[in-house]
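Here chain A shows up in two complexes: once beside chain B, once beside chain C.
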Partner chain A sequence: MSAVAEAPVAATADARKAGDWLLVATTILLCVWVLLPIYLLIVNALSSPQEVTGFPKRFFPSFDLGSLAFFINFAGVAKALWNSVLVATLTMILSIGFGAPAGYALSRFDFPGKGTFRFLVLMTRAFPLPLLALPLAVMFIRTGLDDTAVGLALVHTTLALPFAVLITFSLFSGIPVELEEAAWTLGCTRWQAFRKVILPLALPGIAASAVFAFTISWNEVFAAAVLTIENRTLTAFLLQSLGESPLYLKFAGGAALVVPALIFIFAVRKYLFAMWGIANR
Partner chain B sequence: MNGKALPYLLLMPATLFLCVFFLYPFVLVVFEAVTRDGAFTLDNFRAMAGSWKFPATVRNTLLLAAIVVPIQLAMALLMASVVSRLETGRSAALYIFAIPLGISDLAAGLIWLAIFDQSGFLNTLLSGLGIIERPIMFLGYQSKLTIFVAVVLAEIWRATAIMMVILVAGMGLIPREYYEAAEVFGAGPWKRFIRITLPLLRPSLQTAIILRVILAFEVFAVVAALGGTNLPVLMGETYNWQFTLQDRNVAAASALLILAISIGFTLLFLRVLRVPKEARI
Partner chain C sequence: MAEIAIKGVAKRFGGFTALHQVDLKVADQEFMVLLGASGCGKTTLLRIVAGLETPSQGEVWIGGRRVDHLPPRDRGIAMVFQNYAVFPHLTVFENIAFGLRMKKLPQADVERRVNRTAELMHIEQLLKRYSGQLSGGQRQRVAVARALAMEPDVILMDEPLSNLDALLRLEMRAELKGVLAASKTTTIYVTHDQVEAMSLADRIAVMHQGRIVQAASPVEVYRNPAARFVGSFIGNPPMNFLPASKAANGSWNVAGLTLPGPKSDRQKIEFAIRPEDVDAGDNGLQATVRVIEPLGPHTLVTCDVEGGLFRAVLDSGSTVAVGDRLRLAPKPDRIRWFDPETTNAL
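After this line comes the complex of A and B, so read on.
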């Protein structure tokens, strides 16, 4: 009797083990798929210019800083890097400054027009937003915002603001309103309760969505290339010099774009799902 | 302060911002597309469609989307399933799968340039294995097919993460009991995936597909980095009209075409994958 009962159990255990192996193998394969191309770019960035244009390639970096030094000293690169940081920082400030109050209002109040506002925010995601840089280019020339960091940051804010609203909305929704009410009964005004009770709890999440806004701006290519001429960001600079720049400049530039992005995503990894998961609501 | 006015005050900055930098440029782009020197005309559309590159441009863009999106959907489902089954290393796998989310499309193009370039890693690998004698020119103007394949791979690599994150969040909402019940009745993993996961994941699938399809029509920097002008796509041509040909009315017409295609597909997927209210979890 017992032998009959054990056989299927053993079979399921075998199947489960095979399934586990398959799972591990698939995971490793997918990780390699994601990481290997990045590794190869980094190998190029850490090789000398001669190695980058030479053939065959080595699959390990020689840790020669020639390519990177050439990139940093190339005319316009330092300024482009600075512009990228400047625009991204402005985008971060603008999108959190406009987005966080809206997110708070959506999470704490019921009022007529709430649905309309949410629709407006969600609608922005159904449009290829960088295209709106085209008409804005004309408007910016009229207002003197053309080719400035502020002008570009305004366009990048349209990209980042919907995220900032949705993320802060889900953040504030996750903080019980009772905490705020308790503060009110203890004599806090609405503003004091927000500053002393809610803000400290929400701060890590707000920081994460700020980093996310920074990343969106840091990575954006089309609007940056359309709206800047003298004050190009790093992406615009790299795009416009694709035709003539040598390979090692491209790869060093690519690495300069990728490495900060890796750090940003690592910093906000806990919040990625709050950001995209709410897309369904 | 009056409690009723507070939510509106909090929403005001974001609303005003979106009106000025989202709705207004949207109206402007329509206006610029159908006028020239202040008079109504359809010449801009004729000029756009009359360009010798136009048929190839539309074909390339649609074909890219048609090939890339289904593959990405399958890969994103695989990644999400793997992540939701992992017990150890779950967060590490998630972070690695999500990395491309933070990487600029231009950087992704440069990453794959490092692989497909004539002195790149693919040629090194192939000649190391003795398959080829001399490096092949994968990205030359005569090799449109390999450029297309390289762009497809780069796009799959870059933008699967965004779908994966949405799907992982969606899978987390499906109650465990459904799977347990199915297991009791003898449903295998595949059957559980087809009968439980897929139907209940429909809202997330809808969001993921819509977002991804819109992004697919915006493909620009990846193509610029890998193919230059050898593989014209809609967004690249829009950029050309604006910059190289200095004709912002035709550029606006081209932008409007991308907008129209995006909206058309959004409505299509909203309808095809619609979720009845009573079927939501």
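After this line comes the complex of A and C, so read on.
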């Protein structure tokens, strides 16, 4: 009797143990998947040009700034960096400027075509950018928007906007409408209630979604490469000029692209988590 | 002076009619409770008075001023919400001060009023805390204090106690009644809890399917329901109803009894009696005992009368057993009659 009773218990214990191992193994695999390339990038970026091409590799970087110094002083890098910051900032302002009101409207008002609107917002992501890039380039040349930061920021805004809309939509939906109504009964206009009650509660999430928009623009390469010639962003510049450049320069450029994006996301990670946990209670 | 007049207010949501032409007058300083089951339109009516919902037709007057076109902030009202709606990013002090700051009162006045209402609601030791550090009951107190601090003409309360546990609800109920009576504010209070309604109200407006069925004092609503619904909704256990057929003009046959009743052209009407208004004796309605529930102060007996359920509240000393045949004599002055077609009292 007891043997029969124990067998399933042992089996479940085994299954749980196997599950634990699977979890640990998957976690390690995912961490390696994400961290290893970043590690290699940073080690090589912080090594002298000779070490990058040499063998065997060092486990710890030598903190030789030769590669980075060469990269920074490389003709055009500073300008491309400035362009990237400019375009990403414009993208951030535009996507929050348009996305947050749209998200607020979606969460607070019922209007005809609301479902269709949400669907269309998502559908903009379904268009492959290469398909749009050529007609866009033609249109931009006609309107004089080609090779300008504003023009590229507009394209990046169309990429970032769906996220901005959907993130702020869920953000505003998480703030009970009663808080707003309470503010109205306490003497606020609609705008005052938004500014004094909703905005302070939504601000961390809005900031996070702004940084997210910034990062999307910062990382985008295709539209940037097609639509700019003189005023290249860093991604487009690297794509163009690093094809034939030495390995250590590629690593330095890669690090210059990845590290800021990592820092941004790291800085707002608290708000990214808070974004899902925000509540009245 | 702020009496409220609701004149012919109707509300339709698409094809659904939430309120049909509701008329209601609330006197200055009166405590009016809107009572009804969920979906009866009581919250919608309250939100229309508050200005959070626009009526499809009709007028709302507060203090002799037509307000239905005004935004909430211009109506002289304050509202307490079911889920408290305490602002999580502000301290308790700033929550209570919120409306006063909107009125641009001087800092000294704000502090004086916040401290006074906080004292009134016994939350003066919580003023520096945030909503997240408060219990449900404390949040409720903050919400009430915030409304009181506005010194409004009218306080509107939407099921303010329904999220509290039973004991706390009892305590807050008594406290609310005292505080609101002292503040001399006109109050409209929405609830689905009839005990809450009976204990708080000067008058109860019983709502059913978007209409006010009866608006009267708690005792009147209990004793003289204007419609069958009121009798069946109020009272625990509710009123008993039995079919009555005409014996002669002004006299009716009810479960083997012939009782004097109203004169009516109808052949069949309904007889109604509260469970506590019957006495077990030698004469009366023939009843077979099905279930006995000794409740302490009295014993609740569920019987079969003419194939229908009939509840009677008997003295806890009575020695009835399941299967017993009883004679339940209704107290003549407590019998009520209803028209089965219109469901109104006869």
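Descriptive notes on the structure:
Heads up, the rule we're going with is that the second predicted complex is superposed on the first by the 232 of 281 C-alpha atoms of A that agree within 3 Å, B and C clash if a C-alpha of one lies under 4 Å from a C-alpha of the other, contacts with A are read in each partner's own complex, and residues count from 1 in each chain.
Definition applied: a contact is a pair of C-beta atoms (placed from the backbone, for glycine too) under 8 Å apart; a residue touches a chain by one contact, two chains touch by 3 or more.
All figures in this text were calculated on a predicted structure; none of them were measured in a lab.
Because the two structures share chain A, they can be overlaid on it, and in that overlay chain B and chain C fit beside each other without clashing.
In the superposition on chain A, A:I72 contacts neither chain B nor chain C.
Look at A:L179: by the touch rule set out above, it reaches chain C but stays clear of chain B.
In the superposed model, A:A13 lies in contact with neither chain B nor chain C. Of the two partner chains placed by superposition, A:A25 touches none, neither chain B nor chain C. Contact with chain B, but none with chain C, is seen for A:K57 once the two complexes are overlaid on the shared chain.
In the superposition on chain A, A:V150 makes contact with neither chain B nor chain C.
Annotation: superposed on chain A, chain B and chain C show a minimal Cα-Cα gap of 10 Å. Taken together, the two complexes place residues 280 of chain A in contact with chain B and also with chain C.
Only residues 19, 23, 26-27, 30-31, 33-35, 37-38, 40-41, 43-44, 52-57, 59, 94, 97-99, 101-102, 104-106, 108-109, 111, 113-114, 117, 120-121, 124-132, 134-139, 154-155, 157-158, 161, 165, 190, 215, 218-222, 225-226, 235, 238-239, 242-243, 247, 250-251, 253-254, 257-258, 261-262, 264-266, 269, 272-273, 275-277, 279-280 of chain A touch chain B when the two sit together in their complex. Chain contact summary for the complex, chain B toward chain A: residues 1, 4, 6-8, 10-11, 13-15, 17-18, 21-22, 25-26, 28-29, 32, 78-79, 82, 85-86, 89, 91, 93-107, 110-115, 117-121, 123-124, 127-128, 135, 157, 162, 165-166, 168-170, 172-173, 189, 203-204, 207, 210-211, 214, 217-218, 220-221, 224-225, 228, 235, 238-239, 242-243, 248, 251-252, 255, 258-259, 262-263, 266. Residues of chain C touching chain A in their complex: 50-52, 71-73, 77-79, 81-83, 85, 87-89, 98-99, 102-103, 131-132, 146, 150, 156. If you check the complex, the residues on chain A that touch chain C are 176, 178-179, 181-189, 192, 196-197, 200-201, 280-281.
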